[in-house]
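Each of the next two complexes has subunit A plus one other chain: subunit B in the first, subunit C in the second.
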Partner chain A sequence: MDLDKLRKTAAEVVSRDDVKYLIGWRRGTFGYRVAPHFIEDAAGVDELIFSPLCIANLANYLTLTEKLPVPRGQEADTRKVALLVKGCDSRAVAQLIVEKGIKREDVVVIGMPCPGMIDWKLLAERYPETDVAAEIGWKGEDFLLIRGEEEITIPRAEVLAEKCRLCRHPNPVLSDITIGEAVEPWAVAEDSGVAEIEAKEAAERWDYWEEQFSKCIRCYSCRNACPLCYCEDCILDRLDPIWVNRAVNFSENTAFHLARAFHLAGRCVECGECERVCPVGIPLGKLNRKLARTVREEYGFEPGLDPEAEPFQASFKPDDPEEFIL
Partner chain B sequence: MTEKPKLGVYVCHCGINISATVDVEAVSDYAQGLPNVVVARNYSYMCSDPGQLLIKDDIKEYGLNRIVVASCSPRMHEPTFRKALQEVGLNPYFLEMANIREQCSWVHQDREEATAKAKNLVAAAVAKVRLLEPLAPREVDAEPAALVIGAGIAGIQASLDIADAGFKVYLVEQSPSVGGRMAQLDKTFPTLDCSACILTPKMVDVANHPNIELLAYSEVEEVSGFVGNFEVKVRRKARYVDVSKCTGCGDCAEACRLANRFPSEFDEGMGKRSAIYLPFPQAVPAKYTIDPEKCLFLTRGRCGKSPKCVDACKPGAIDFEQKDEIVSFKVGAIIVATGFDVFDANKKPEYGYSDYPNVITGLEMERLVSASGPTGGEILVDNGEEKIVPKEIAFIQCVGSRDQSVGNEYCSRVCCMYTAKQAHLIKDKIPDATVKVYYIDVRAFGKGFEEFYDRVRREGIRYVRGNPSEIFKEGNKLVVKVEDTLTATPREDKFDLVVLAVGLTPRSDDRKIIDLLRLSQSPDRFLMEAHPKLRPVDTASDGIFLAGCCQGPKDIPDTVAQAKGAAASAMIPLARGKVAIDAQVAEVIEDTCRGCGFCVSICPYSAIELVTINRMGNMVEVARVNEALCKGCGSCSAGCLSNSIQPRSFRDRQILPQIAALGGIE
Partner chain C sequence: MSEQFKPNIVAFLCNWCTYAGADLAGTSRIQYPANVKIIRVMCSGRVNPLYVVNALQQGADGVLISGCHPGDCHYMEGNYYARRRLKLLKELLEFTGVDPRRFNMSWVSASEGHKWKEVVEKAVEDAIAAGPFDQFRRRQIGW
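Showing the complex of A and B:
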C-alpha cells in the first residue's frame, strides 16, 4: 500500500473547490482501533491510513449529510463528498446510486483494491492489545504486525475476516481515482455458514435462530451501521402503526431482524458491517448471505455492481421464478 | 377525528345468495354487540331502494357517521352505497363493505362455519370503518376530442358517431388507406350485401367529415396523461407523395420501373402492385404512397436517370425529400380499434398451405371471388400444373381456432358463416361444382345465421362432420384425409381446391399499443375489457375503450355495435367536459420519502414521478402521485421500504386493525 500516494491524492482532492470533505480512516485511540477520519483540508491527510484494520464501510456516511437541517439564512453545502472505498464499500456506493440515495455526481470515489481485512476480534484474541501503538500491514499473502520492536507475521487464514473469505469483489466496482494495483480475486470458500443452517431440520433452524435472536438487545447498531439502511424514518421506529413492538423479546426481535433482512433482499452488498458491529454476536451475515444467494441464483441479480442497474425490488420480469412462495 | 364513531351495520340477504348459507340474523345480532355500533340490521336486498332508504333513515335518526354494509363485492355496489351516504350529507368514503357473498356464502357450504366467518368479516370492517378519513373526489376539465386508433369498420364507425355528436376526432390508421379488413371482403353474411358498397360511403365520410382529422399512414408514438387529458404524439410517415397535389390518377404506378412486381397486401399476395401504389381502387385517401422498402430510388439512391414516377406525375406530386412528421394533440378519450390478424395457416403444416397453391385461406378466397380481386371475380386456381376452374372444392373449418395445439382455444366466431357464404358464392359462380365443408360443429348463432346455414345446405353444399388430419397430393388432385365422425367412416376425398377457414388472431403488432396505453390481455391474448359482462367496451384505464376484433373475434354487426358503444362511452367525458378523479388514491408522506424511485418503477399506471422539494434547506427528491392517473392499486405501497406511500382508505393504520379483528384481536 502506497500510503504517500494515498495522502498526496487525498490532499489534492480535499483542496478542490467542489469538494466538501474526504472521508477515510485514521488510527484510533487505543490498540488496534481505527476511526473514521473526516478531512476538510490538506493538513488532515497526515493522519490518513489504509491498513488491514480499515474494515469499516464509510459509505454509510454518504446519506447522513442531507438529513441535517440547514440553519435559517444559510445555503445547503452542495459540494461533493470524497470517499475512500474498498471493493465491498464501492458496491454500497453503486447500490446507493441505483436507489438514488446519492447522486453519482455528488461523490468522488477513491477506490482501493483490497487484499483482505483482519477480523479485529480474532487478532486481539491471539495478540492482545497493548498500550504500544500497533501498525499493521500486508506482507505478501499474510499480515504483518509491528508493535514497538516486535515484528510478527500473521498467517492470512488465522485472522482474515469472514466476509473477506467469501469476498468475490475485492476491487472497487466504481471509482474516480484508483490507488494501488488491482488484486487478483481469490478462490472463494463455499459459504459453509449458510449451508450448515440450510442442512438443519426446520425445528432445529428455529431453535438456532431463537437462540440467536433472543440475545438481541435491540441496540439497532446493525441497522445504523448498514450503508443501505438510511430511511428518514425507519418503519421499525414508527408509532403509527407500530409494526414492531419495542419490547425486547424473541418474538419482537425476530420481527425486527426478519424485516431488516427482507428490506435488504437484492440490496445487501455483503459488506458485513451489521454483523461486525453487533455487540452480542448475532450471525446476521448468514441471514443476509442467504437472501443474497437466493436473489443471485433465482433472479441472476447481484446488487451494487452496476450503478445504472434497475433496482431489484422494483423490477419485474414475467418469467421471474416463484418457487420460494409457499 | 373528534367525533365519536357511531356505526350502522347492514347485513344483506341478497335474496338467498347469502342467507341460504349464512345466518344473517345471527350476524346482525353479533354486529350489534361490536364496539361503537349503534344499529345493526339485516334486509333482503340492501342495494334496493328500500334497502338504501333504511341506511339513509338510520343516518338521520341516529346520527350515524360510519356505515358498514355486509353484502357483495364492492366492485358493483360500493358506488351505490357511497351515493346513498352522500345523499344524506355523510362523506361517501365513510363506508366499508364486508364481502360476505363472493368471499363467504358462495364459497362455503357449512352454515355454521360460514356464519362464523361472516361475523369475522363484519368485525374486521367495523374495526376499519372507524378509522376511515373523509375524502373528497375532485374534477378536472376534459378535452372535447377523441383519438381513434385503427380505421377499419370499428374505427370508422366510432369516429363517425363521435364526430356527428360534434366532437373532434383524430383517426389514426397505420396503412395508407382506411377500410381495414372489411374492405377486403366480397359479400357479407348472411344478407350477401356487397361489403365494399356498404363500406366505401363510410370511408369517404370519415375523410370528408369536418370534425374528423384523418391521419392515414400514421402511427401513434406516445400517449401520456389520463382520462380527459391525454397528450398524444402521432408519427405521420412520409408517403414521398405530396397529398395536396396527388390526384390519384395512377400514372406513376404504371410508369414505375418495378410496376406490378410486388405482392399486394390488399389482395393477400395474390395480386401485384408497384413500388408506388394505391392499396386498392377505392382507397381513402385516394393518394399514392411510395413503399420505402421497395422503391429503387429510396433504397439505392438512384432509379435509372430519373425516377419514372417523377416523370410520369403531371401535377409533380412526387417528393423524395419528404420526412416523417410528428403531430401532437390533446384528447379526452381514446378508442382502440386495431383489429386482428388472420391465423397463419403455416402453423398447421399437415394442411400443406405452403406446399400446394390450391390450398388457400378464407381471406384469399374472399379476394378470389371479389369482382375487385386479382382475377376480377373469376374463381381460378393453380393446381400445380395449370390454372383451372375448380369443380371439387373443400372447406376446412376451425383452422387455428378451438385448437389447443396452436394455442388458440377460442372460437373465432366468423368462420362457420364466412364458409357458408363462400360456399354459396362458389355454387353461384360454378353451378356444377361440388362443395364439401368439414366441420367440428356449426355455430350459426347470430340473427339470420341459422336460416342462411339451412339455405346453403339446401343449395347442395355437403357438410361432413370431421376434422381432417392431412392434405396430400395425388395426381393433380388434393386428397383430404378425414374421419366422418357421424358414420365413423375414414374417408379420402379428392378436390381441386381446399379453402382453410382460418380463424382470427390478435395482431402481431398489438404489443406496441399494449405498451403505449398499458392495456391488459385476456388469456386468448386479445385486449382485455374491464368487465366481461358489464363493461365490455371499457378497459381498466379510464378513458380508453375497445372496439372491434382487437378485443376478441366478432363479425361486422357485432363490431359496429361495439364501436357505437365505445363511441357513446368515450363521449361521456367529452360531453360532460369534466372528469371525476377518485379520491381513494395513493398519497406520499413527503417527510419520510427518501426518493429512491422504487414506486416509480413499480407503478403499473405511470402515475408517480420524482420531484425535487426543499426539506429543511436541502433539495431532495421525493415521489409525487398524479391523482388522476392513480388507480389506488397499492403496488407502490407494497414496494416502499420506508412506508412513505399509501393508498388513502388503505393506510397501514386503517388495515392493520382490520387484519387484527379478522384474527379475533380487538
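Showing the complex of A and C:
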C-alpha cells in the first residue's frame, strides 16, 4: 500500500472547492486501535493511514451526518463528502445510492483494493498490546507486524477477519479515484460460513440461537454501526405502534434479532460491522449471510454491486420461487 | 396429555381473494377446522413479516398467510412482493430453528372454497405435528 500516494491524493481532494471534508482512518489512541479521521484541510492528511486494521466501514458517516435546517437567508452547504472505501464499504455506498439514502453526486469515493483485514481481537490475543508503537502492513499474502525492533510475520489464516475470509468483492465496485493495484479475489467457501449451522437438527439450531439471543443486552450497537440502518424513524424506537417491545427478555430479543436480520435481507453488503461492534459477541453476520446467500442463490441478486439496480424487496419477478406456497 | 392439542392459528387473509374464498366456504357450508383466527388485511403485500413474529410471540402456534393467485392481485402486484418477503422470513425462521411448518402461505381465490378448506386442514395438521409453540412466546408477568 502506497501511503504517500494516498496522502497526496487525499490532500488534492480536500483542497478542492467542492469538497467539504474527507473521511478516512488514523491511528487510535493506544494499542492496535484505529479511529475514523475527518480531514477538512490538507494539513490533516499526515495522520491518514490505511493498514490491515482499518476494518471499520466509514460509509456509515454519510448518513449519520446531522442535517440541520438551513437558517433563513443562508444557502445549504452542497459540497461533497470524500470517503475512503474498501471493497465492502464501496458496496455499502452503492446500496445507499440504490436506496436514495445519498446521491451519487454528493460523494467522492476514493477506492482502495483491500487484500484482507485483521480482526484485532484475534491479533491482541496472540500478540498482546504493548506500549511500544506497532506498525502493521501486508507482506505478500501474510501480515507483517513491526513492534519496536521486532518484525513478526503473521500467517494470513491466523488473524484474518471472518468477513474477509468470506469476502467476494475485495476491489471497490465503484470509485471516482482508485489507489493501488486491484487485488485478485481469493477462493471463498460457497456456503458463506453458514452450512455448519444449517447442517444441524432444528432443535440444535434453536439451542444455538437461544444461547446467542439470550446474551443480547439490546444496546442497538449493531443497528447504529450498520451503514444501511439509517431510517430516521426506526421501528425499534417507535412507540406507536410498538413493533418490538423494549423489555430485555428472551422473547423480545428474538423478535428484535429476527426483525433486524429481516430488514437487511437483500440489502446487507456483508461488511461485518454489526458483528464487530457487538459487545457480547453475537454472530449476527451469520444471520445476514444466510439471507444474503438465499437471495444470491435463489434470486440471483447481490446487493451493492450496481448503483442503478432495483432494491431487492421493492421489486419482483413473476417467476420468483414459490415452491413453499401451498 | 390425554386431550388432543388444539393449535391456535392466526391467518392473515387478503380482502379480495382469500377472505372472500373463506366466506364462500362458509356460505357453502364446507366444514373445516375451527382453529384459524382470521385477520382480514387489504392485501397479502400488506402483511409485515413482523406480524408473523408478533403472532408467534403472543401465543399463536402457527401462522397462515393467504392472498390472490399471482397475476390476480387487486393491486396488480402486492402478492408478488409478499412472496419475496415471506420466503425470506420462512428461511430465516427455519435457520434459527423454528419449525418451518408453523408458517404457511397459500394462494386461494374468491371461488376456491374447497381449496381454502384444504389449506386450513394442512395448516392445522402441520401445527399439530409441530406441537405447542413456546420457543419465544412472550411470558405474561403476573401483576
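In this section, the second predicted complex is superposed on the first by the 308 of 326 C-alpha atoms of A that agree within 3 Å, B and C clash if a C-alpha of one lies under 4 Å from a C-alpha of the other, contacts with A are read in each partner's own complex, and residues count from 1 in each chain.
Everything that follows uses one rule, which is that contacts are C-beta pairs under 8 Å (C-beta built on N, C-alpha and C of every residue); 3 or more make two chains touch, one makes a residue touch a chain.
Keep in mind the model is a prediction, meaning the values are calculated, not measured.
Of the two partner chains, neither subunit B nor subunit C is touched by A:S221.
After overlaying the two complexes on the shared chain, residue contacts for A:Q74 are found with subunit B alone; subunit C is out of touch.
By the touch criterion stated above, A:I235 is placed in contact with subunit B and with subunit C alike.
Set against each other, subunit B and subunit C touch different numbers of residues in subunit A, with C touching more. When the two complexes are overlaid on their common chain A, residue A:L291 makes contact with subunit C while staying clear of subunit B.
In the superposition on chain A, contact is made by A:Q313 with both subunit B and subunit C. With both structures placed on the common chain, the touch criterion links A:T178 to neither subunit B nor subunit C.
Contacts of A:G101 after superposition: subunit B is touched, whereas subunit C is not reached. Looking at the shared chain after the overlay, A:A203 reaches subunit C, while subunit B stays out of its contact range.
Contact with subunit C, but none with subunit B, is seen for A:L258 once the two complexes are overlaid on the shared chain. On subunit A, the patch touched by subunit B and the patch touched by subunit C overlap at residues 235, 243, 313-314, 316.
Across the interface of their complex, subunit A is touched by residues 591-602, 610, 615-621, 639, 641-643, 652-653, 656 of subunit B. Subunit A meets subunit C in the complex at residues 194, 197-198, 202-210, 235, 243-245, 249-252, 254-255, 258-259, 261-262, 265-266, 287, 290-291, 294-295, 298-299, 312-314, 316-318, 320-322, 324-326. Across the complex, subunit C meets subunit A through its residues 49-50, 53-54, 57, 70-71, 77, 80-81, 83-85, 87-99, 104-107, 119, 122, 135-139. Within the complex, the subunit A residues that touch subunit B are 66-71, 74-76, 78, 99-101, 230-235, 238, 240-241, 243, 263, 310-311, 313-316.
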